[in-house]
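Naming follows writing order (A, B, C and D), and every chain is counted from residue 1.
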Amino acid sequence: MNTYFPEVPERIPYEGAGSDNPLSFKYYDAQAKVGSKTMEQHLKFAVAYWHTFKGTGADPFGGGSLTRAWATATNPMDAAIQTLDANFEFISKLGIRYWCFHDRDIAPEGATVAESRDNLSVVVEKALSYQKATGVKLLWGTANCFSHARYTHGAATNPDPLVFAHAAAQVRAALEATVVLGGTGYVFWGGREGYSSLLNTDMKHEREQIAALLHMAVAYGRSIGFKGTFFIEPKPREPTTHQYDYDAATVLGFLREFDLLDDFALNIEANHATLAGHTFHHELQVASDAGKLGSIDVNRGDPTCGWDTDQFPADLSEAALAMMVVLRQRGLAHGGLNFDAKVRRGSFDSTDLFLAHIGGMDTFARGLVVAHRLLEDKVFAKPMSVRYSGYKRGMGKRILSGAATLTELEAYADRDGEPERISGRQEGLENILNRYILES
Amino acid sequence: MNTYFPEVPERIPYEGAGSDNPLSFKYYDAQAKVGSKTMEQHLKFAVAYWHTFKGTGADPFGGGSLTRAWATATNPMDAAIQTLDANFEFISKLGIRYWCFHDRDIAPEGATVAESRDNLSVVVEKALSYQKATGVKLLWGTANCFSHARYTHGAATNPDPLVFAHAAAQVRAALEATVVLGGTGYVFWGGREGYSSLLNTDMKHEREQIAALLHMAVAYGRSIGFKGTFFIEPKPREPTTHQYDYDAATVLGFLREFDLLDDFALNIEANHATLAGHTFHHELQVASDAGKLGSIDVNRGDPTCGWDTDQFPADLSEAALAMMVVLRQRGLAHGGLNFDAKVRRGSFDSTDLFLAHIGGMDTFARGLVVAHRLLEDKVFAKPMSVRYSGYKRGMGKRILSGAATLTELEAYADRDGEPERISGRQEGLENILNRYILES
Amino acid sequence: MNTYFPEVPERIPYEGAGSDNPLSFKYYDAQAKVGSKTMEQHLKFAVAYWHTFKGTGADPFGGGSLTRAWATATNPMDAAIQTLDANFEFISKLGIRYWCFHDRDIAPEGATVAESRDNLSVVVEKALSYQKATGVKLLWGTANCFSHARYTHGAATNPDPLVFAHAAAQVRAALEATVVLGGTGYVFWGGREGYSSLLNTDMKHEREQIAALLHMAVAYGRSIGFKGTFFIEPKPREPTTHQYDYDAATVLGFLREFDLLDDFALNIEANHATLAGHTFHHELQVASDAGKLGSIDVNRGDPTCGWDTDQFPADLSEAALAMMVVLRQRGLAHGGLNFDAKVRRGSFDSTDLFLAHIGGMDTFARGLVVAHRLLEDKVFAKPMSVRYSGYKRGMGKRILSGAATLTELEAYADRDGEPERISGRQEGLENILNRYILES
Amino acid sequence: MNTYFPEVPERIPYEGAGSDNPLSFKYYDAQAKVGSKTMEQHLKFAVAYWHTFKGTGADPFGGGSLTRAWATATNPMDAAIQTLDANFEFISKLGIRYWCFHDRDIAPEGATVAESRDNLSVVVEKALSYQKATGVKLLWGTANCFSHARYTHGAATNPDPLVFAHAAAQVRAALEATVVLGGTGYVFWGGREGYSSLLNTDMKHEREQIAALLHMAVAYGRSIGFKGTFFIEPKPREPTTHQYDYDAATVLGFLREFDLLDDFALNIEANHATLAGHTFHHELQVASDAGKLGSIDVNRGDPTCGWDTDQFPADLSEAALAMMVVLRQRGLAHGGLNFDAKVRRGSFDSTDLFLAHIGGMDTFARGLVVAHRLLEDKVFAKPMSVRYSGYKRGMGKRILSGAATLTELEAYADRDGEPERISGRQEGLENILNRYILES
């Protein structure tokens, strides 16, 4: 396993913040304990197959810029196996324990549904043997129902039931692959589930269509022994003009409306939060408040650009706040932290892939330590508890219990008069957060 | 009733598109029939008291710029009655049939809850007599639980139950006023129901608080004979950093989660759609698809600015699409089209108020005619029906019924092979829309 | 010339707004007079080769979706000639008089600089014969220095002078092609002239590099007889994180700084205005005010999405305002109205290309008529002239002449006291604009 | 001097990162050396009078929320002197050395121009004695020509020369005040210099008007002994729809066009960069590249909101990059770091003002140390120098000198063939930046 990244040692070492070696971890020390668990246990990092091994650097204004040693075979199945080799070499060298894939990332689409399914089976079998050999696990699988031209007007939301059926066939095969490979999650990202124009779209009808697919997927998944969680990944604005799974609140409303809450949770992505006009912290909190934060795509957007830049995470504050949400809900049972991120078009070398992942892992390792200390010291919990204490007793308690009435509340307001104005201390709390980021 | 706008005739006349008189309607002809109803019946326009009579032209960078003849009395209650006079004179001259208000627009806040309530009662009584005299009706009332400093950290979502109680007292009094004045709607716009920072905010707790208030409001409203609809008005980003009632989908999810769907519908505002990154058409359709499009705030945002510019509606295409959604659901039972819009800071004259409303009314009158013709001619309905026809039979029908399985769909896809690619004809449909706008 | 669009008649006819034939013009009547010129003379429409003939429907989330009859030859040069055939058939059937191209659109890149140049020469010769046969002219040419991977870190702004040299070679050949084909404009759009990160970028150095290229291009162009205008096309945010040619004001500043104003003008694109947070009208006016509005890319962005959607123009108000700027400066001497727009990914049929162009042409034909009437009637000019009349005499005149001092102005303010507040009448003017749009 | 902030000690101490005392500096140690200068010498912090002493917490949806002990006098001039007291007490306790003001912040507008000027003189005299007593200095002064209703349609850009004259009178008096108080800068922020609608605006005319004012101001300022720098502060989108001083590049173009470059530099604000769709780093670099980075307004925007939130700076990375630009140009001769920031509407206590400034100062102190080390270690300079080295010799040098031609470059490209693709190493550089932020 030293074919594609010969310039990189067998394992990226932890060398601490004093090291100048770019191919070392400065903060991620897999076996170091944070609270009662190791960093590795807290941080279930996963490598995203599509960006890291299938990404070409292409964008709407130019073709591929990245030349990869594992993309040389002319026969598609040979290339698929080469790429799989690279994946396991890369993961092993990084010391990561999980990977994630779309069906079409790992195996080429065939001329027929059957051929596609067979291609996938062959690669999955090979991947399984790799998993056994390396100890690497599958975090989640998914089906790419957005790249093929047939899905232009939607996959599950396509006006043509035959297109729906093609999507269903892919989901079926991808679910099987996920079960075979022991994935604890299965993700739906509805890349084409949205509209380009309302003039030709029956949004109500299309939302019912996709709910139908999800119900079928649950039924089938459970029937073949999938015990993990189904995830929906919210994203707005791209590639369709309006994407139905706009943000966490929208998806939670959808799951509730179509009675899908039991089997589903959310896979929150940082950059998709940016595109929806929310902070990453917000989207995570919305999902977690609903008991539905299932998995996370860790990356980073650029607020000055309006599309999914999918950069590697580097924001220390964002990582600390994200890990605070995760620690508060005691981890991500069936999910993890998937690097749905790509190196820049001009990061031409395969070494850049390592630097990018190292940076992301260090950022989240630091975030974990900061979050842990913030929680240990009850930095935000203490003032928060005081702040809402009025609802633990008396009239506040009556309000939350549903017993209070407008009439009695009016009397209460009349009697007690103008409330004291109590500062929210936002600036003070922000100061403390920065101090913890720097000093943890 | 010719005190405050002496330069404007008793009634703004309809003179048709050929007229050069700026104080005449070019398209809004109240008694003209569109289908089986008159324009006046279709278009339940309402004047927004706050912008039109209480707006000062102030913005974050400057104080009031508009000098109003009805804002001269030094005693607040005298000023309130003057302003009410102006409201009814204005409405009568425009030939509009409805108005909308916040409690604090029409009556000054007193030193105590009781005094505030009493102030409101006095003005409401006077307003009732005006309504009887003029035939003008109340569309909806609401309570302003966002301007006072006590609501800075939220009204119903305030960490202090005493603040909650003040909000409850306002809602109680405003509901009573609405019932007395015969309003068919009661609106909640949670101006401070959101957060400035998650570091000091328990979002889950706060959402439960506001649900409690809404349940109390329903109970109280029904107990005093309110038979209308409660409306929530979605808005993102302003004035708090994150507003809980972000957009239509978010609010529908909230209503569903807290079992409030039966009594509530949505009041959709054009500019709030813009701020949420949606089109007006989209927000209306989302609400209507859920059977919950209750009322509309017709105005217009500026996509190059990031705040609520609240301009008067002038977009012909937007108005046509909005009216298409309204006509398709056979009108707005308890709601209407409220001009939640303000003249620009530099539109100093009271005449500008008339010009602005005339423009808005003409825009929606034209939109109504266009929408009616589009529906009559089934311009979009016909191709749409063909487009989704696959779901009315065979496998498509099985999919929607919930009977189909992934396995049988895979077989279907395998057998029928690659689907034909059918154009969505978006450009063609856009051409026809423009032709209808120009030629209706 | 009936090979690729057999379903479309030899010439799209003008049938007027009453016609239901989608393949007819409703408003564009080439020989109709508007003022002293025909519509055709006013509206120098051009077809954009890249979108219309080379566009595949691909986006960042999916491969090509559009199957084109002219993209079947396996030999690249054969395919290039087929595509050229399609271009001239399409233009002739539409009744358009101009086309625009990038070097790499019309001829494939060769293995060497020399081979690329030769490929281009062959196609240019063929195009010239087509131009002679059809009367179609070249509006402008340009070099694609952004798609190839070598330009990832910039073309003229690349840190490697050898990359700069490749760009220079392309510009040289494209300039020659433009001269041979009689183009009156030559465009620079710096697709990769910007940065992805300031951490590795010397912005000052890079701006000097691009200025050097532009000076060389002018020298070379003039030396080979190019008498037209060089255009820079402003665009922000895409594909690089920061593009140097951000907007009209930025480019004008750049041209002034590097002494390039004499030979250059601006090519303003509607969608690029949207992305820069400006209106189309604004960007056109900024360029025109500087005497530098040279050419226009007519298309349309989507304010709810953050990238270049490049839709066909359909906004009636935007088109009218754009044509008002054009008419006020008495046309676009060396430029025209180029449809830098693409059909949606799901507009699969080649008929959609016709529908899209027809819609764009009708929109601008209507815009022309509206703008002409607005100017004839001095709708905005009359109030504007009154508004600024204070600067034509007395102290206002002294201010503009540079003669006035702060001291004398203070005395003037002291003596004349508080100025009267004069309404800007914005709402009234917006009403009139809508009336002209509908009634012209 | 212990009247208004009795809860705060005479001087906020530096206690280091280990301290839990919120009223202490963790990173700002005034006399600590960074390179050859002390922190205090590097970081010329200034307090912004308007936000800190005149801010009320009001926003478009609510009145003032902040009760200030220095805003109790009923006589405006008494209140002005109280507020001045608070300013100097606050600054002294913080250990800051500079302040900034608008004319109308420190002295109330009178009934006439003369009265306003006299009010200002009285306060300036008092301020001068305070300055002498405390050693605090004026960084810059400015005139508020945007809050008064008369400036609604512009101050210098107003269509009425009499309004222009009022602005001129204010600028004259504010310039005098600045000279008397020894300010090294004088700022123009054109709050109303822009348009709400192009339908009633002659943008070209208005830009000439403002250029006239700036020329007069230079002439007058120099005549009364002002030896400092005039600053323009770019800002887009607010409060007018389009602000003429949109961003750094736009303002530089304007200064160049109207021959104002010699006397002017830019005052760059972080939040205004955000609103313009740029990073703070970018705007600083653009100004610095032109030799025109004169002063900085340090604050922070919220990318999820579309207006000037003016929060206190807290972003460690942004501060480090900003200080890197400042150190590279060897400081801000006539400018400094002005906290143009306000506490949140719900930060009710005057203690919050201290916490906010402490946080901002600590953030920039840390940024200074990080930037210094980045520069000392040539972290970015070394790879950058290698990256552009091709332009120091041979053909690269010929390009920059203007000697090269397209023809010779084509030959060069032909001969040397395809360039090597060299990674930009963006991810690697981002990793190092984070390490320096955490470890400096």
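A few comments on the model shown:
The working rule: a contact is a pair of C-beta atoms (placed from the backbone, for glycine too) under 8 Å apart; a residue touches a chain by one contact, two chains touch by 3 or more.
No experiment lies behind these values; they were computed from the predicted model shown.
Should one ask which of A-B and B-D has more C-beta pairs in contact, the pair is A-B. The interface in A-D, B-C or B-D that matches A-C, meaning over half of the contact pairs are the same by residue number, belongs to B-D.
Rounded to whole angstrom units, the spacing between the C-alpha centres of chain B and chain D is 40.
Centre to centre, using the average C-alpha position, chain A and chain B are separated by 36 Å. Residue positions of chain C with contacts to 2 or more other chains are 65, 149, 152-153, 196-197, 237, 242, 277-279, 304, 344, 346, 348, 421-422, 424-426, 430, 433. Residue ranges on chain A touching chain D, taken from their complex, read 17-18, 22, 26, 65, 67, 274, 277-279, 303-304, 312, 314-317, 343-344, 346-349, 351-352, 355-356, 358-359, 362-363, 366, 421-428, 430-435, 437-439. Residues of chain D touching chain B in their complex: 57, 59-65, 146-149, 151-153, 191-192, 196-197, 237-239, 241-242, 275, 302, 304-309, 344-346, 348. Interface residues of chain C facing chain D in the complex, by the touch rule stated above, are 112-114, 117, 149-150, 152-153, 159-166, 168-169, 171-173, 175, 196-205, 207-209, 212-213, 215-217, 219-220, 236-237, 242, 246-247, 249-250, 252-254, 256-257, 276-279, 281-282, 285-286, 289, 321, 380, 383-384, 387-388, 390-391, 394-396, 399-400, 402, 404-407, 409-410, 412-414, 416-422, 424-426, 429-430, 433.
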